[in-house]
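I am attaching a structure below and will ask some questions about it afterwards.
Think of it as A, B, C and D in the order they're written, each chain with its own count starting at 1.
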Amino acid sequence: MTSGTGAVQGGALQVKGEVVSLKPVGDYLHLTMTAPGVAERMRPGNFVALSVGGEQSAMLLRRAFSIYRAQASTRGGTVEIVFAEHGKGTRWMTRLAPKDTIDVVGPLGRPFALPKQPVACTLVGGGYGMAPMFSLAERLRARGCSVHMLIGAASESRLFGALEASRAASSVRITTEDGSMGHRGRVTDVLPDLIDKTGSDVVYACGPMPMLQAVSAVADEHGAHSQCAVEETMACGVGVCMTCVLPVRGDDGVIRMVRSCVEGPVFRGDRVLWDDVGTIPDGTLGAANRGARNERSDARDHGRSAP
Amino acid sequence: MADLTTELAGVRLPNPVMTASGCAAAGQELGQFFDVTELGAIVTKSIMRFPRSGRPTPRMVETPSGMLNSIGLQGPGIDSFLARDLPWLVQRGARPFVSIAGSTVDEFVELTRRVVNSPGVSALEVNISCPNVENRGLVFACDPMQAARVIEAVRPHVPEGLPMFAKLTPDVTSIVDVARAVADAGADGATMINTLLGMAIDPDTLRPILGGVTGGLSGPAIRPVAVRAVYQVHAALPEFPVIGVGGIRTGADALEFVAAGATAVQVGTVIFNDPSAPMRVVRELDSELDRLGIASVEKARGCAHGGVGQ
Amino acid sequence: MADLTTELAGVRLPNPVMTASGCAAAGQELGQFFDVTELGAIVTKSIMRFPRSGRPTPRMVETPSGMLNSIGLQGPGIDSFLARDLPWLVQRGARPFVSIAGSTVDEFVELTRRVVNSPGVSALEVNISCPNVENRGLVFACDPMQAARVIEAVRPHVPEGLPMFAKLTPDVTSIVDVARAVADAGADGATMINTLLGMAIDPDTLRPILGGVTGGLSGPAIRPVAVRAVYQVHAALPEFPVIGVGGIRTGADALEFVAAGATAVQVGTVIFNDPSAPMRVVRELDSELDRLGIASVEKARGCAHGGVGQ
Amino acid sequence: MTSGTGAVQGGALQVKGEVVSLKPVGDYLHLTMTAPGVAERMRPGNFVALSVGGEQSAMLLRRAFSIYRAQASTRGGTVEIVFAEHGKGTRWMTRLAPKDTIDVVGPLGRPFALPKQPVACTLVGGGYGMAPMFSLAERLRARGCSVHMLIGAASESRLFGALEASRAASSVRITTEDGSMGHRGRVTDVLPDLIDKTGSDVVYACGPMPMLQAVSAVADEHGAHSQCAVEETMACGVGVCMTCVLPVRGDDGVIRMVRSCVEGPVFRGDRVLWDDVGTIPDGTLGAANRGARNERSDARDHGRSAP
């Protein structure tokens, strides 16, 4: 099933999976597929990249999804994801049926870093961003950490895993922007208090970029580390194309445009230059000039941009 | 089992299939999916003199059967590349084709000097499809004279036995004129095509999607343009080796380029769809040749022009 | 209901959507699928001076998200066209944009004279993306000077109030230079883009598929190239009306061209996929504008450049 | 369901059909779909053009298929076709399932011309070329014509409608190239004798081009008219693109490149310049120069071919 004899061991696999089930959960869909080998290697925070549209598809690029659950099995493990219908690729995915084949590449990306000590942890998920939090919770509990979950969404139907959370965590807080469930507002309304009360040392977060930025700031202010799983547009998902970069400050203090597919998707929140995502910040290694966002290549001046 | 071995401007390759520059980084990541030493060659991402941060994101847009990219040649610079990236390929015994990109002729020369002095390099690909800062940012390969200037300048620094290929852009009125210019200037062959200049506009904001506004169009969508370019250049310069690239997805696609006159081919964007694609293309090319009863890839070369095999 | 009315170089159209030349014949066949008088305009297949049999078959190849064609401008010639084809459109009250193609400058002039003297013609589209027999078969629109020669020659024969558009090819190093040349020569606007030169090779015979060997690539595959061309020309010549064409499939695609600077758009190859497409695009364009809260198509024009609406 | 208010009446429709059933018959598939309005307008020899690959398909062009049967109905008529898996589009079609929607344009093309008198007719079908012959037989019999069928294929599994033929025709002859059923050989081995014995005035034929050419020649020699349904590559199917042309001599004796989608697919066999299909024969109206096939545009000489 796996491609590439002689390929480097470890790392990601490309396998032909088979859809086991596709079930609605609130506004999302929960897809279970076989993906032999992928399940076995998965660590919380990893993602899979799925090809979409079938054999004669005009959609060339894979779609990335956080792994929700992975179950090893002698008959070939299964991988589960939770996804929202967004554009044309995920629309195609909503029509998958059991036994359909699906090409899976994974597990991809750096997983969440786990604390060495049995500390208290807060896990924050926005919408389908909760998906990777359950396997993370399991690992954390296995290390003796206490796990608190904070689940946010625009409305109740976009909350994912609220029920499961009560089994997975010592405490669960819920926020919705429209107040249809839990606290009316955003996760960051609740987070400061939660960090303090639980004495969390680490905050894990997955969700929209603005949420991650806010979570990272709150964690900072409250003396906690943060581990944020970002979502950048990715062409390859495996580290070869350089489309998925964002500005991150390294251990050496240098800002680099780093690939979120292999050096992420999980980053230390305090290392990401959140305000500068979508730009090349001043001082970035190799930045040709200041404020590159303002110096977009002008099609008037030259025939083409460098590839 | 057809004979896939390929003699490309003096280098012998086990098969004519390579990765395309910028679509395989420096090979290491693809090592997860296939044995990079089995592929004809690994063409590395165009490297520049100094570290380069590239363009702001978004850097890609999916388009019908293709994609746009505006990476802006992000890379670590030649020092870091030679010290950290190239050795991985060399140690394994892969055949690295090192792609270089400069903003000035001098930069190309300097890069060439550095690359040719590094052990284990199989060939040099000179990506002249990038803007020339000394000439109003016009792309070198858009002008036969500017293209020739780069090739002439690097030529003396490339030792015997190390072939040097010029990477051409299709965004020109006559790609044959550019190919002829680089051939006359001493290139051992040409890699064609680079991406087509394109752009996409966000349906919600009505602003350009790419951080770089315009970007390069690649993928199966552009294959007919690439095949045409290879065919034209092979017709005009039948002795000039061409490496065909642009939208190759299958072994049959690769064979289309070979029939058009390509000595070797590269797989680019399709790697993003299928990271195992390069070695799959090798296998499929083999079975296509078998199916047609053609004994070797060499026999198929240029077939479309009515030569051998027809 | 957004306001779709469009003022295009002096002609008023109920909406900015047209058929592309060569993709709607002379309108009659599409009358089965929608009311041709409701569309902004019907651009007829480029007509030549004399009947023309075109190229041998096969004349088409399907390609990823596109197709290649080598029709070779088959048509009945201007006499038959004016006597038999045009009247159908005129009698119904459709707005015919008549596309003409010549092999020499004189032929263009002669065709122009004939067309402008026919009642009911709304505009003239001068297809200069065809080979110039007087200049080694080089395509007029590949050379700014040759392009300008045609436009200058026909200009005096086009009466006030009848706009004349030059149809440009993207197969050039700088389409802005060609657009500027035809603008200076007196064109009222430019239609862009014509097809990209491409080719395909038969996987079984390894020979070119098309009877004409090379052909024109069209369809959604080329849309990013077309949008870029429109964007570049609008940036360089903001007052010069552009009709955008290339791969438009949906109202959102049409809006992409409008945002890039197009005053009107044409639907071509997608008609083969969906013969109702032109009017569907009108409806979808309307709902896209509504969705974005933009009151009129005019307000959206050029948005991508950071003008009004942003 | 039908598009285009204000569209010209009569002619073809574009409708969203629904798959009713897809069943194998020998090497072929028999597809039944709803196509309201199309069934009602269909005449024998018409074809439909189906879009393939779904919403995000990289395949832009429709595929043409002869109408096998059309059944009018108050609940929206059905149209049936018989197809062979050939390339990527028909491969996609083999995976259609009941209730799948399919965009149908039809009925297209000129139907078979029917004789004014109740004469004897021979209907020749090669492979799936038999598909249009059954509705034709029905019409002919309704006019008092006697109907004889001659069915040919490479082998038994590629014969279509052999059983049905015995109900539809007064006599049936079968040929297979491998002799797996009926006479070993080609339809034209049997045809001369058949025309003579049945006294056929008209021969109707549908099948591969070489078969049509041979049938047309035999009909000529034996004093019968022939009506041949050709199969040329078509981009639009509705007459707007000029890709589907072949050289045909008109009533006025002039050779023209005519569109097989609207002026065909059925042609009088004696009018088609069979030997010259794929070329622009000398003397064709508008032929720029002699032997155009030999003057293929040379990519060396100029930048592009005229579109």
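The rule is simple: a contact is a pair of C-beta atoms (placed from the backbone, for glycine too) under 8 Å apart; a residue touches a chain by one contact, two chains touch by 3 or more.
In this text, all values refer to a predicted model and were calculated from it rather than measured experimentally.
Against reference pair A-B, the listed pairs C-D, B-D or A-C yield one interface repeat, C-D (criterion: more than half of contact pairs the same by residue number).
Relative to the C-alpha centre of chain C, the farthest chain centre belongs to A.
Taking each chain's centre as the average of its CA atoms, chain B and chain C sit 33 Å apart. Chain A and chain C have centres, each the mean of its CA atoms, that are 45 Å apart. The distance from the centre of chain A to the centre of chain D, each centre being the mean of the chain's C-alpha atoms, comes to 54 Å. In chain D, the positions touching at least two other chains are 58-59, 298-299, 303. Each of residues 64-66, 142, 171, 173, 197, 199, 208, 214-215, 219-220, 228, 231 in chain C touches at least two other chains.
By the touch rule above, chain D contacts chain C in their complex via residues 3-8, 10-14, 51, 58-62, 103, 105, 232-233, 235-246, 256-257, 262, 277-280, 284-288, 292-293, 296-299, 301-307. Within the complex formed with chain A, the residues of chain D that make contact are 53-59, 88-89, 91-92. For chain B in complex with chain D, the residues that touch the partner chain are 64-65, 173-174, 176, 220, 228, 231-232, 235-236.
Against chain B, the residues of chain D that register as touching in their complex are 58, 298-300, 303. Chain B makes touch with chain A in their complex at residues 22-25, 29-35, 37-38, 45-46, 50-60, 62, 64-67, 69-77, 101, 129-131, 136-139, 142, 169, 171, 194-195, 197, 199, 208, 211-216, 219-220, 269-276, 279-280.
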